[in-house]
Amino acid sequence: MKHTETFFERDTYARHTGIELLDVGPGRARVRMVIGKVHANSHGTVHGGAIYTLADAAFALASNSYGIPAAAINATIAYMKSARSGTLYAEATEFSKNPKLATYTVEVTDESGEKIALFQGMVYRRTPRQ
Amino acid sequence: MKHTETFFERDTYARHTGIELLDVGPGRARVRMVIGKVHANSHGTVHGGAIYTLADAAFALASNSYGIPAAAINATIAYMKSARSGTLYAEATEFSKNPKLATYTVEVTDESGEKIALFQGMVYRRTPRQ
Amino acid sequence: MKHTETFFERDTYARHTGIELLDVGPGRARVRMVIGKVHANSHGTVHGGAIYTLADAAFALASNSYGIPAAAINATIAYMKSARSGTLYAEATEFSKNPKLATYTVEVTDESGEKIALFQGMVYRRTPRQ
Amino acid sequence: MKHTETFFERDTYARHTGIELLDVGPGRARVRMVIGKVHANSHGTVHGGAIYTLADAAFALASNSYGIPAAAINATIAYMKSARSGTLYAEATEFSKNPKLATYTVEVTDESGEKIALFQGMVYRRTPRQ
């Protein structure tokens, strides 16, 4: 999906955060982030904002995978476990979609498969009338 | 509050995102972010992850303002309006607090006072027994 | 606001739950619920679903106060404190509104003003084009 | 699971709402609600509060399935589609659990399997120290 790779290349803040695209398809995406010093919060673990941004990058790729611009209108994240080192993965799945609104879930796991966070987000699309 | 300034200095990812501490007090905090090229998403507006991280930084400062470590367990963000340039502000307010759990709201506005996002988050604290 | 009173009279499930309309205006509403045996959950306190329904009734009144049908698309609720008896109040406030999407917050308190829950919800409106 | 059936029998508000227990096991539960006149909102479709209560009942059963009291601390619901008649089902699944906090997802579907709502909730447990 050439379109989607270009889409991710333009995602400056995701790349500033060290996020890499692994895989994308219709309504789904997978990204990763190798934990570095830059991701630390004041407690020395990975920042909630970095984990959210990882999940959000997968959500944006999945919801924009049809070539129609989708804007996030809200999202919820639950944090299960703090992370300190290694690689984090986020996998976005489309739960439902109608012409205007669509809902996605994103699971964030570490490299041993431990659950780090669960994200649920909604987008609004201006699907062109035909 | 010396403690809180040190707390913010250790928040590497917030500083990597360009967030600055403006003001902090018991159960409240205010931060800002001058929008730069680094904050862009694929649509050319400020990334939802950067807006979340701004809100989250205020939330972390407010919830850790008592000197007892507080860990975010979940958060919700609603996005009202996209932002392109200028400065964004986030202001966190404590809504409620008991020995273990506390809830905060964070409003994100731009420099003309327009509402950009509304954030609601919960922390868990291991308040020492006495 | 005759329209709004009729709107509430048609809200069968809110009335089945014992919710009463106190006050409504553009983008805001206040309702109450006298706690009865019917509201109990398995722990003997007021059911999370009843508290949510109370908040949701205020949210529906506030978001439909302009006479344009508004449909809830999502909501988040945080519970602070359990309730056992007396009266609960929910007050909805409009946080932001554009032609399609609007966000409301609802505070649920008991009769001594203690915070019981905090609700944040979003609606979608098919505002007629002119 | 005798304990769980008794637990559900004591859930007065869920039964007031017409919810029936179908199945429960460790960390999971399934309930249903035959849509009646009582569930209507002002628009004539099933009330968001009734759909939330259905999801919440499954969440409560799943999170209390271990015999240790679990209190909901927050929840998010996204609504996909309105429902008018027939039967709604809610199925709760445990996403993660530690001694204090656990996260569940609940899918609400209608009798033809159409997605009606997606719920994500967190509980706090006072797991006894040993």
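Structural remarks
A, B, C and D are the chain letters, set down in written order, and residue numbers restart from 1 in every chain.
We take it that a contact is a pair of C-beta atoms (placed from the backbone, for glycine too) under 8 Å apart; a residue touches a chain by one contact, two chains touch by 3 or more.
Nothing here was measured: the structure is a model prediction, and the numbers come from that model.
Touching chain A and chain D together: B, C.
When you average the Cα atoms of each chain and compare centres, the chain farthest from chain A turns out to be C. Computed centre separation for the pair chain B/chain D is 32 angstrom, with centres defined by C-alpha atoms.
Averaging C-alpha coordinates per chain places the centre of chain C 20 Å away from that of chain D.
If you average the Cα atoms of chain B and of chain C, the two centres end up 27 Å apart. With touch defined as above, residues shared between interfaces to two or more other chains in chain D number as follows: 73-74, 76, 78, 101, 122. Residues of chain A that touch chain B in their complex: 7-8, 10-14, 16-17, 37-44, 47-50, 52-53, 56-57, 60, 64, 69, 71-79, 82. Interface residues of chain C facing chain A in the complex, by the touch rule stated above, are 73-74, 76, 100-101, 122, 124.
Within the complex formed with chain B, the residues of chain C that make contact are 76, 78, 80-81, 95-96, 98, 101, 103, 105, 115, 118, 120, 122.
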